[in-house]
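The block underneath contains the structure these notes are about, expressed in structure tokens.
Chain naming follows the written order as A, B, C and D, and within any one chain the residues start at number 1.
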Amino acid sequence: MMAPYLHHLLMPKLLLGAVGTIAIFSLVFRENKLYRLFEHLFLGLATGYGLATTWTQVLRTKWWDPMVVQGEWIWILVIPLGLMFYGVYTKKYAWMSRMIFGLYFGLAAGTVFQAFASEYVPQIRASFKPLFSAPPISHHQFGVLANNWIFLIILMCVLIYFLFAFEQNSPVVKRTAAAGRVMLMIAFGAIFGSTIMTREALLIDRVRFLLLDWLQINHFLH
Amino acid sequence: MNDTVWNKLQSIDPRVLYVVLLVIIAAPMLFPGMTLPIVPGQQSKDAFATIQKLGAQKPAKLVLLDGVWSASTRGESAWQTQAIMLQLMRLRIPFAIMSADPQNPQLMENLADALARKNNYVYGRDYINFGYQVAYTQTLKGIVRDIKGTLKTDWTGKPLAGFAIMANVNSIKDVGAIAEITPSSTLDSWLGLVTQIYHTPLIYVPTAVMAPEGYPFRDSGQIAGIVIGVKGAGDYESLMGVKLEGTQVSTALSLVYALIIFLVILGNIGYHGSRLAAKNASNREKAI
Amino acid sequence: MGIFHSIPHTNWHFYLALALTLVAGIAMLVILQLLPSQWRRPMIALVTFLGGLYYFAEFFIPVPHGHEGNFLSKYMDSVANIASVIGSFSIGLGIISLIGVHFRTALRQREGWGFSTVLLGAFAAMTAFTLLNEYAPHRTVVPRTGALHSPITNGDIYGVLFNGGLASLDSAMFALIGFFIISASYRAFRIRSVEASMLMVSAVIVMLGQVTLGSWLTGWLPRTGAASAFRFENMSEYILVHLNSPAQRAVTFGLALGALATSLRLWLSLERGLYFDQEQ
Amino acid sequence: MQHASDHWSIAILVLALSLIILFKIVTAQRGKLPTIRRIAGLNAIDEAVGRATEMGRPILMIPGIGGLDIVSLQAMNIFGHIGRSVAKFGNRTIMAVCDAILVGIGEEVVRDAYTSAGRPELFDSADVRFLSDRQFAFASGAAGIIEREKVAASFLMGAFYAEALIISEVGQRVGAIQVAATPQFTQLPFFIATCDYVLLGDEFYAAAAYLSRNPTLLGSIVGQDYAKLLILTIVVIGTICSSGLALLGGHIGPLAHAFKWYMDLFTS
């Protein structure tokens, strides 16, 4: 009876997962040797996986195969370019790494225009909400209009809070900005509250893994 | 002054809280019988009713379950998926699994297979798995017109045409409802590309965090119902009159929430108690 | 793909081309190094500008009628590919940084060298078996013996390392939030100021709107009519939809402009060497 | 929209906003130095750095877990300035990064900070650490550093996601003064709950300007403000138009057309 259970407990995949989970959880009580062990294991595994998948998912498919299999010889230029990164380690060649970093700064910056137009302008457009409506106004319509008013007011308060160039000393601006902060806090509270379930569900799932999948306590209970 | 009851109340050692939390979470697993009654929310009821309606018409149209979740949100998404699959099987509604995450097909298949054994559902006849779709947007655009042509094979690579379940399923017209089981914002593409065309009912099955994205569309009638997180799964089970993981986890969740609110109250009592105490102390000094 | 000239790799011209291009590339680096150093800053600025110019032009150059994009659009994927390929060469920086530190610690047996050794071992094993699982998943590592019912393959070991190790450590770490969110809310939700109270009140309402507990507390209220607004689920929905979104949108506008401004400053190198001050 | 020619009006708006910002930058560089309002969190930085020095414990900087993008670079930018005051105090800086390219940039930034403060000998490249590009592996490593180095202050600035609460709660436990700033709206609540000071929204982008008093950055902030006002104006006019349309009901006239025309300018 006991032997198969022991065998199950010691199955490498399960055992490693379970002990690892316990080790990580132990951090909430205090940093300890077991946590430290699995932290280092974790970092080692993650880096190794990252390195291997950089080859299998990026370099091999996007570089090596096109170059060697499809014969696009120009790709070899990537090597000297890639080498430039490593200038960072020497004073003499540091500027070369800055040059290649510069290229990436440029690439990162260049995409902003399209992103702004496609992501944010629609949100500007979506803020054109009617504040009035032709009578007769139904009960439902009234609610919609009221919400549109609230929408515009909150939007203004918060935007004004985020003005930096103008010292907020005129009482009106001060109050609006203060209101803006309060609105923000309400929003933050809402996000905090709505996140809890997902987070706790995950913790519950891990505890289930330990108690039911690994220890199989339910077998002992009935 | 620091060891007054007030200060104790507002500075409980976090480690104590963590132990209590673990106990509360473990309790429903140690005593599976112990479940709190569930009051299903309106959102879940709407979703449930939508599928019940499909079951009423014979032959029932295929329901498409689109899974975007991976192991990292299993704690919520798996139980939502299980609850919906169970309802479908009880109503003998055929369903297809489609995935927008490489891990997802296996996870959904495991759930489906486990339930299928108990409800004599047969793969290929009563349910099928389309597998992971890489070019997601193109796939959605494609299945609107031609499902078999777009997806070609099931997740094992067998041609769809060979499966009995696909006999009368050609375009999205032949799909009775779509359930979007997701931990991320994938709703817009379904609303934009698929459901609006033949007004296929869409059931939104998000993790609790993502639920708000659905509300505006529910009000505008573009979504038939929302099954919110693990609570939604619990609602669903109570509507079916069963008690599975969804109910168990919801129970644990209710307890955790109760704990948090209890702690918040304690903390505030302590905080204001100590302030009052301090005030009185200083007043007394003045009197002397 | 397919935008570059190609020579079948069976043809010796291919290898000649490779060699010559590589030499040319390295020569280019040498020349760059020989150039007068006062040219360096402008050169960096130029490269940065050119990097951004592609996307800028691709967006602003008009698309001829009946076309998907302008003449630059068809290179979008290639540019992204080249960028990610060159970028992935930088992984060495990360590896050198992490492995370097722990290698030294392990070598000189400094405090905690045992842990560093574990890290190095895990790194080596994971790299090896991820690749072996890619190229020879079914190759036997440990043959079948009395104790073993079946031989152990590369794939098996990879499975243990990935599922038992990486994946479960991932979700365990993720699950820590479940603990910390409790202590954080206990500490943060105090009625100290108007702001703190608002944070607390809306958080509690939204929480109660989510669980059965809340449905009990206000379940007795009517489903419809004015009073129904005070059911927790409705209050929570109202906060999330009508109070949260305008605040979030206002913040988004600010952030979008911040990103726009930062991009402009970077792209045009207006930030007088914030990152690269000490130009030698 | 993929290209400017899909909706010229929108592309022109983007250009206009860019020009406003550039114009303000140039005027500021020409010597007309603007002032900006105080940002609470940032006044705390010197206090935090000073206290860390007294305690003789290091300072931790984390530029988020994003890749090489505008947000991470902005974070590095801020750290460049904080680094300078750390170096002035002669204290130790640990930077933990989550992206290989950023290791190189981080090294540059921290080294520059020490060099420009005249203390190049204090820079140790082993203190700019790549932990992992994997979210939760990074979190575990960061938690480890915070606990073992008993950091006295930590600056969490950049793109943070779920790991935000893990890192900041551990920091709060070792009693570090924490200042956080992130564009991720959904993580701000957790920073607010755990950190001493939090920069909200685009205070993140204002930070560098505030710390450096660098004319280019200050000008940029002013430009951003005018751009915000422009957007606000557009929204207000848009609201008037849509209200007008609603009031007119189905009635079609030149006025209705004008309203529709304006609203369509921004419709993609």
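Keep in mind that, in the parts below, a contact is a pair of C-beta atoms (placed from the backbone, for glycine too) under 8 Å apart; a residue touches a chain by one contact, two chains touch by 3 or more.
Just so it is clear, the structure is predicted and the values come from calculations on it, not from any experiment.
Peer 1: Could you tell me which pair, A-B or A-D, is linked by more C-beta pairs in contact?
Peer 2: A-D
Peer 1: Name the most central chain, where centre means the mean of Cα atoms.
Peer 2: A
Peer 1: Averaged over CA atoms, how far is the centre of subunit C from the centre of subunit D? Could you give it in whole Å?
Peer 2: 17
Peer 1: So what's the Cα centroid distance for subunit A and subunit B, whole Å?
Peer 2: Distance between chain centres, rounded to whole Å: 21 Å.
Peer 1: Give, as an integer number of Å, the spacing between the C-alpha centres of subunit D and subunit B.
Peer 2: Here subunit B and subunit D have centroids separated by 34 Å.
Peer 1: Where in subunit D do residues touch two or more other chains at once?
Peer 2: Within subunit D, the residues that touch at least two other chains are 2-4, 11, 14, 17-18, 68, 70, 73, 101, 104-105, 108, 131-134, 136-137, 140, 162, 185, 189-190, 192-193, 200-202, 206, 221, 224, 228, 231.
Peer 1: Do you know which subunit B residues sit against two or more other chains?
Peer 2: 14, 18, 72, 208, 211-212, 229, 231, 253, 256-257, 260
Peer 1: Where in subunit A do residues touch two or more of the other chains?
Peer 2: In subunit A, the residues touching two or more other chains are 24, 27-28, 36, 38-39, 42-43, 45-47, 49-50, 85, 88, 94, 98, 101, 104-105, 108-109, 112-114, 116-117, 124, 127, 152, 155-156, 159, 162, 184, 187-189, 191-192, 194-197, 199-200, 202-206.
Peer 1: Following the definition at the start, I'd like every touching pair of chains, please.
Peer 2: Listed in label order, the chain pairs in contact are A-B, A-C, A-D, B-C, C-D.
Peer 1: Quick one: in the complex, what on subunit A touches subunit B?
Peer 2: For this pair, the touching residues of subunit A are 28-29, 194-198, 200-208, 211-212, 217-218, 221.
Peer 1: Write out the stretch or stretches of subunit D touching subunit A in their complex.
Peer 2: 1-4, 7, 10-11, 13-14, 17-18, 34-37, 39, 68-70, 73, 101, 104-105, 107-108, 131-134, 136-137, 140-141, 143-144, 147-148, 162, 170, 185-186, 188-190, 192-193, 200-203, 206, 221-222, 224-226, 228-229, 231-232, 234-236, 238-239, 241-243, 245-249, 263, 266-268
Peer 1: Which residues of subunit C touch subunit D in their complex?
Peer 2: 58-63, 69-70, 73, 87, 90-95, 97-98, 100-101, 104, 166, 169-170, 173-174, 176-177, 180-181, 183-185, 187-188, 199, 203, 248, 251-255, 257-266, 268, 270-272, 274-278
Peer 1: Taking the touch rule as given, give the residues of subunit A at its contact with subunit D in the complex, in rising order.
Peer 2: 24, 27, 31, 35-36, 38-39, 42-43, 45-47, 49-50, 85, 88, 94, 97-98, 101, 104-105, 108-109, 112-114, 116-118, 121-122, 124-125, 127-134, 148, 152, 155-156, 159, 162-168, 184, 187-189, 191-192, 195, 199
Peer 1: For a test of understanding, state which residues of subunit B touch subunit A in their complex under the given definition.
Peer 2: 14-15, 18, 22, 25-26, 29-32, 72-76, 183, 207-209, 211-212, 229-231, 249, 252-253, 256-257, 260
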